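We just call them A, B, C, D and E in the order they show up, numbering each chain from 1.
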Amino acid sequence: MAAIDELAEFLERTPGGGILLTTVDAVMNWARGKSLWTFPMGTACCAMEFIAASFSRFDFDRHGTIPRPDPRHCDVMVVAGTVTRKMMPAVKRIYDQMPEPKWVVAMGNCAVSGGIFYYDTYSVVRGVDEFLPVDVYIAGCPPRPEALQDAILQLRKKIATESISKRRTRPLVSDLALPTDPRKGDLLSAADADEEDEAPATRSVSA
Amino acid sequence: MRIEELRERVCAMYPDLCPLFSIEFGDGAISVPLERVHSAAADLKEMGFDRLGMVTAVDRGEEFEIVYRLQSRDLRAGMFLKALVPRSDPRVPSMCDLWPAANWQEREVYDLFGIVFEGHPDLRRILLPDDWEGHPLRKDYVDERIIPRPDYI
Amino acid sequence: MSSLLLGILWGVAGVLVIAGGAVIGVWWERKVAGHIQLRYGPQQIGPAGSLQMLADVPKLLFKEDIVPSGADRPLFKWAPLMAFAPVAAAMAVIPFAAGWAPFDTSVGVLFFLAVPSLEVVAILVAAWAQRNSYAAIGGLRAASQMIAYEVPRTLAVAPLVLLAGSLRPTEVVAAWRWWWLPLLAIAFVVYLIASIAEMNRGPFDLPEAESELVAGYFADYSGMRWAIFMMAEYGAVITASLFAAATFLGAGWPFSGALGVVALVVKTSVLVTIVMWTKWTLPRVRQDQLLRFCWVVLVPATLVQLAIVGVVLPWM
Amino acid sequence: MVTEELTLNIGPSHPSTHGVCRLLVRLDGEIVTHVEPIIGHLHRGIEKMAENRTYLQVVPLTDRLDYVGSMYANWAYCRAVERLAGIRVPERAEYIRVIVCELQRIASHMMGIGSSAADTGATSAFLYAFAQRDLVIDLFEELCGARLTYNYVRPGGVSFDLPDGWVERCRAFTAQHPKAMLEIDGFFFGNAIARARLKGVGVLDPDAAVAWGVSGPSARGSGVDWDLRRDDPYSVYPRFDFDVPIGSNGDAFDRARVRLWECIESCRIIDQALDQLEPGPIMADGLPRLLAPRPGDAYDHIESARGSLGVYLVSDGSPRPYRMKVRSPAFCNLAVLPLIAVGHTLSDLLVILGSLDPVFGEVDR
Amino acid sequence: MDVKRDRPVVPASVSDGPTGDGLVAGARSIAKGFAYTARAGVSKPLTVRYPKEKLTVSPRWRGPLALRGVLGRDEIPLLRAPSYAYNETIDGLYRADRLPPCVGSCPANVDARGQAYLIADDRVVEAYELVRDRNILPGVLGRICHHPCESACKRNFFDEPIAIRPLHRFAFEEYRKVRHERISPFPRTQGKSVCIVGSGPSGLAAAYDLLKLGYRVVMYERERKPGGALNTGVPAYRLPREVLYEEIDDIVGLGLELNTGVEVGKDVTLPSLMREHDAVLLAVGLQQSRILPIPGTDAEGVVGALEFLWSANFKHEAGVRGKRVLVIGGGNVAVDVARCALRVGASEVRLACLESESEMPCHPWEIAEALDEGVIAMCSLGPEEVLTKHDTVVGMRMRSCLSVFDEMGRFAPKFGDETTDVPTDVVVFAIGQAPKIDTIVAGTELLVSGRGQLVVDGTLFTTSVPGVFACGEIVTGPGSAIGSIATGHEAAVSIHRYLQGLPLDGDRVARPVPVYQKHAPADTRGIESNRRRAVMPMADPEERAKDFRQVELGLTRQEATAEAMRCLRCESEVCVGCTFCARTCPDYAIKVERVDEAGARCLTRYDLDLTKCCFCGLCAEQCPTKALHHTGQYELSFWHRDLMVFDKGEMLRPPTGTRATGRDGISPPGCPVPRREDG
């Protein structure tokens, strides 16, 4: 259990800790969002664009995002490339090695759904969300390095909706109602979402 | 070297291989009976085909066709060596003793087609996990994990 | 009693200086690396990204603290602190100005050379505790490397001691003259190289070689424990640079007083920058080459330096 | 004293395996006593998929084979299709193919040199090389609208004509590139540490290179003077004047530095091709949407950045290939790793792997 | 070759690195390394500071796909413009690369796309009138046109071309039923009159344009019936005369004053016409057959093609009953003559031409039909001498021809030594026609060249006398009907500008005829039957060769509607649901469904699954309408995978934003929204 969980529990028990919790949340989310160290789970073509994103031309480091080869030091796993059935256990294992809180970015359509390798192939896992909880999907084959940078910025926005407390639910800043199962697609329709503006949708934040 | 010259050269050295030599799409190919494939390869290596470019197989229904692509630096030419392997008992002599390059390539063919190479030092699956069932490049390979594409062209 | 309080105070101050130095150092390293590599480095928090660590530190602080299942738990948990302690301790004897060091002892130079070497124990402990092959290899590499480079490092400091005639760092600073600079050039370079090797930085970063051992001896450390390792590393860079700036480069020379401290800080920063510049310029050497370089180049060089000083000494 | 060998598992996700290769290594101290590359982590079944795609639809698949040099797989595949279907490619298209493939060679070798540098810890050299690669990628993006998976060379020609001003920008690139290469040469290959790390490491003797089917810069580093562009000329290569750099020691240094000189020679080829380029069609006339070559099989190969890349196509007369096999140079080159890495240290093992410059999309297909 | 000299020379072996070994060299190399990185450190970084700064993305960047319009929501633009502005309209489309190949390859730029669109929409009469704007005789051309549009049709690439010509014919058949209701004279607003000499297709086209512009148009025709070469030259089995007369009747109904049986130069003189009218247009065509200057051509039994066709058409008798006929020439006229000769009772018809079988200038389908009917083709033979006996033809000596064109593609036949004698009773020369205008131009100052040709400006159609214009084959030489019509339109524009006092050339556009990619016949195995081209029913070859009944029988309404729906509406930027994007996609990421019923045609579904798209660009490249295109977008982060399936509505939104995160409160308006489940 990380120190942060103890802190969250303590704040929840303490009267008036709720306000503090909100502040701590804000600080933590800011810090986490601005310091997203990535694990480059580069398997195929997208890895090249990942490299490009962290090199001179695009420079990930400007956003405080540095690629670290060691999963223990990372916050975000960027799955860049096709994941095959042979590779899947390794990816899963590396994900498990990452310390909480951790996020997953599925970069490129192979990681999103298998992409071009969706049909007719026997060895490709159709999307890493079959075995990892993906936070941000990037379409592209491969996506431009800018798209990856944009995904990190999007992930920041997503992190901003989270709380250190496991019990706490926070209103989403966005009006995007998130489905419980991304595959089911029980999304609110656009019209419904508009109505939700007054009473923002809530969801419980889970790891 | 032009392919006709190559054919003449092959015919001159190995008259019995001559009728098996065919030219298609500008490429020479010798189709030999399976039992002769190793000796033919050795002969061709002797003739100057020092590189084994490729080993592969084609699923021809009742039989597999095993295809070797030989390349020669001195002759500046390339050609195919082919043989038909019965599907029921797919066994082929390994070329590892002639060209070490055959090592991984034959493992790959074994992996994807299930053709057994006799005399191979280390015949294991190479691309697929060891516990994989079946040989996916066979035309009759069935895998419920495959989602077939929509059938329109 | 008061000395104890003072000691605690100094201890806290030293840790803070190292921690602060490490925070700045990490940022500076990212900027240096960035600009050498034709990019900017951190940019978004603070001016030129200088407050980047404000985000990194809380994040690391509250990361999950993973202890691998096969690990030796107590050793695993204490190893980072064991790595940090010698560095912090070494801080105590550094002569910040002529005649002034937090802990001015007559064997200060010896203390400075000996105590940080204890880090090798921490690294070995950490490498052992993780039960990880990469960490084990990294730890073994670190051990051989650090022990080997103790020799040229010590030998490089020896001429200083000879010239100053004292092991007390403050006296070394006091005795410093500008002509020591050319005289001790070889010793200075050897000291710098040996220090880089001591603190496992490029091109001698074999124990944590990113492209070989992923992260080397701290492969399985996460969150704050890893941060402490990093802090120890940067602390070592800073203390070694501080010591060199103070002893080889004459501390506050040519100024004294507050300006002298500024001069010391500037000299230290330059040395730290050189250390970083080296890392981002040179490829990494191999283990055998590393050791051969130590024994074939560095040790003879220091011996030559000692000889030169020995020749000069009688005329002083 | 009894010592035990340490079994170390490198990969499949490791910063120095350049993809998803797993190396099972046994170490005696730091010395590698046994290494076994375990590949297939990126085996995507492209050959099986090709049997279910029309001839045109296979082209994007070939992009994903060698993702560092997509143009090569495009071209090798298209050559095989053209051979099968008897398509005559217009001359301008051939020139454009040569130009883009030589640019691709530069882009790919920048990656190869860069990763050799990164393996030895010279990260900055990697970035300098990559900056050159970015320039090539910009040219490609302008040409076909993609940065990595170009889908540019098509059966019968190429998909787009050169945009306005592209030729000038390409010339500007080839004018500055050799200079930048020589700088990297001095910076990295001249560096004493890099020389110490690369020289004498992973020596592959020429006979073994031939017997193991090693091709491309990896073989030329060993002194095997064999380049398909010159020795089995295809397309319009006979019209160009260029040298083939070779090494004499066959170590990691030679393999990496051959790549550097090939980039310089590529610039020379590009310049000549741009001089000879004439207006004309870029696509063979009369191609229907569905190609259905007559039954038969054809093989064609080109010199890719990694070696001789061949595509073997079998047609049964239907609009889809009956079988496609890619003879991937990286696969054959990688097979030689155990031969040359045993006896070196762990650090060298990764340098040797990097000097073979495998791309696992192509190794595993 | 300065560049080459500067270039570094490859060392014999790369093993000798740029520096030597040893301590000093090593130290120096390391120092150089420091200098290099220091220089890099102080130089300006290469970084583009995203998102503040952005790289300019290539215009060809293959971003996500979007649609510009869909059928059922957006209309296909009909190419309708006043004749004097039509060329500019076409030119504008051409420059924007939005000219459909059928329209672009048609000399008169007939809007075949619009025709198919309207027919598919069950607006057949409108389609007829749309076509008539540019092609004055759709019913006629629907039977005899050589349809360059079909050869250029983009559908050639996919499977088979659209049957544009049969659709013209079908439109006419439908129009025929209501033609009396649809015709009313154009108002005369201009108060000026134009005289047109000749009632061939070009004259009629000019007349139509001028009538539409409000001029009084008077037309003179030598024959008793109007139509020019269409009337006299085209065999009746291809063109029933009542079709021609009906369509000309319509034009008369629009206000044309047609005087038939009046020969200019004999009954009226050109100078008087020039006085009487504000402008005169000569559209007299080519009136005499060329005959080779070889021995024996003055013998009995040697005839020109025009004379032969005239008598065959009007008398159904050409004096060849039971005789052997040899037709010299390989063009369409020669084939017409040969087929006519069969129909007027020739016992054996041979066709001799210089060119080899593959080079014959006639249309391949023509010769194929002729061969079906029993014509014997003799290729690569050049006429040498007509063999005569008592001034009567008994045969023809032919010399073998080795090649017809030289390397530059010019006509320069090379003959071999072999000769063959072909026994025959009648020799018909169908090797081209020549103008005969000496009587017409008598008394005017019109310049006539030495070879008897009128001197005409090829783009403005002016002659040497102001106010006199010329068009049709007299300008272009022997050509197609649709080519003549195109010149008629252009001449009408010139006349209009002349009469309005505008400069004739001004900003008029002379557009190069675009060259479209040729396609081999596509492999049609395995494709669905509704993708196949409608087959034109033909009369049985055995039967049809006996009389002048029509060979082609025409499409039924059902066939025609289905055929019109096959049209891909090229370059219209409206998705017509042709499904070729879905069929081409290597990832099968696109799903298209549409309803195909006349009057109720629309896309019911267009889904793009961005999760599968590999951004290869094949779909957009092949999209015939360019409705499917890549947006320059590249920031494609999604919080959920479901957001990545775009339906029709989402794909139609203009890509105003740069981000497609969905309705997250962050995206700018206009970005794709979460997909609504159908039903």
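Heads up, the rule we're going with is that a residue touches a chain if its C-beta (ideal position, glycine included) is under 8 Å from a C-beta of that chain, and two chains touch if they have at least 3 such contacts.
All values derive from a computational prediction rather than experimental measurement.
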Both-way neighbours, i.e. chains that touch subunit B and touch subunit A: D, E
Contact-richer chain pair (by C-beta pairs counted) among A-D and C-E: A-D
Farthest chain (mean CA position) relative to subunit C: E
Distance-to-centre winner among chains (Cα means, whole assembly as reference): D
Centroid comparison with subunit A (C-alpha atoms), farthest chain: E
Centre distance in Å when subunit B and subunit C are each reduced to the mean of their C-alpha atoms: 61
Approximate Å spacing (C-alpha centroids) for the pair subunit A, subunit E: 56
Mean-CA-position distance for subunit E and subunit D (Å): 46
Residue numbers of subunit D (touch at least two other chains): 14-15, 40, 43, 45, 48, 52-53, 60-61, 63, 124, 127-128, 131, 134, 149, 191, 193, 290, 319
Touching two or more other chains - residue numbers and ranges from subunit E: 30, 33, 36-37, 40, 45-47, 49, 57, 526, 586, 588, 614-616
Residues of subunit A touching at least two other chains: 55-57, 59, 62, 69, 86, 116, 118-123, 141, 144
Pairs of chains in contact (touch as defined earlier), listed by label: A-B, A-C, A-D, A-E, B-D, B-E, C-D, C-E, D-E
In the complex with subunit A, residue positions of subunit B that touch it: 128-129, 136, 141, 143, 145-149
Subunit C residues within the subunit E interface of the complex: 32, 34-40, 43, 277-278, 280-282, 297
Sites on subunit A touched by subunit D in the complex: 41-45, 47-49, 51-52, 55-57, 69, 81-82, 84, 86-87, 90-91, 94, 116-117, 119-124, 141-142, 144
Residues on subunit D engaged by subunit C in the complex (per definition of touch): 6-9, 14-16, 27, 30, 117-125, 127-128, 131, 188, 191, 193-194, 196-197, 345-348, 350
Interfacial residue positions of subunit A with respect to subunit C in the complex: 1-4, 7, 27-28, 30-35, 55-57, 59, 61-64, 66, 68-70, 72-73, 75, 97, 99-101, 164
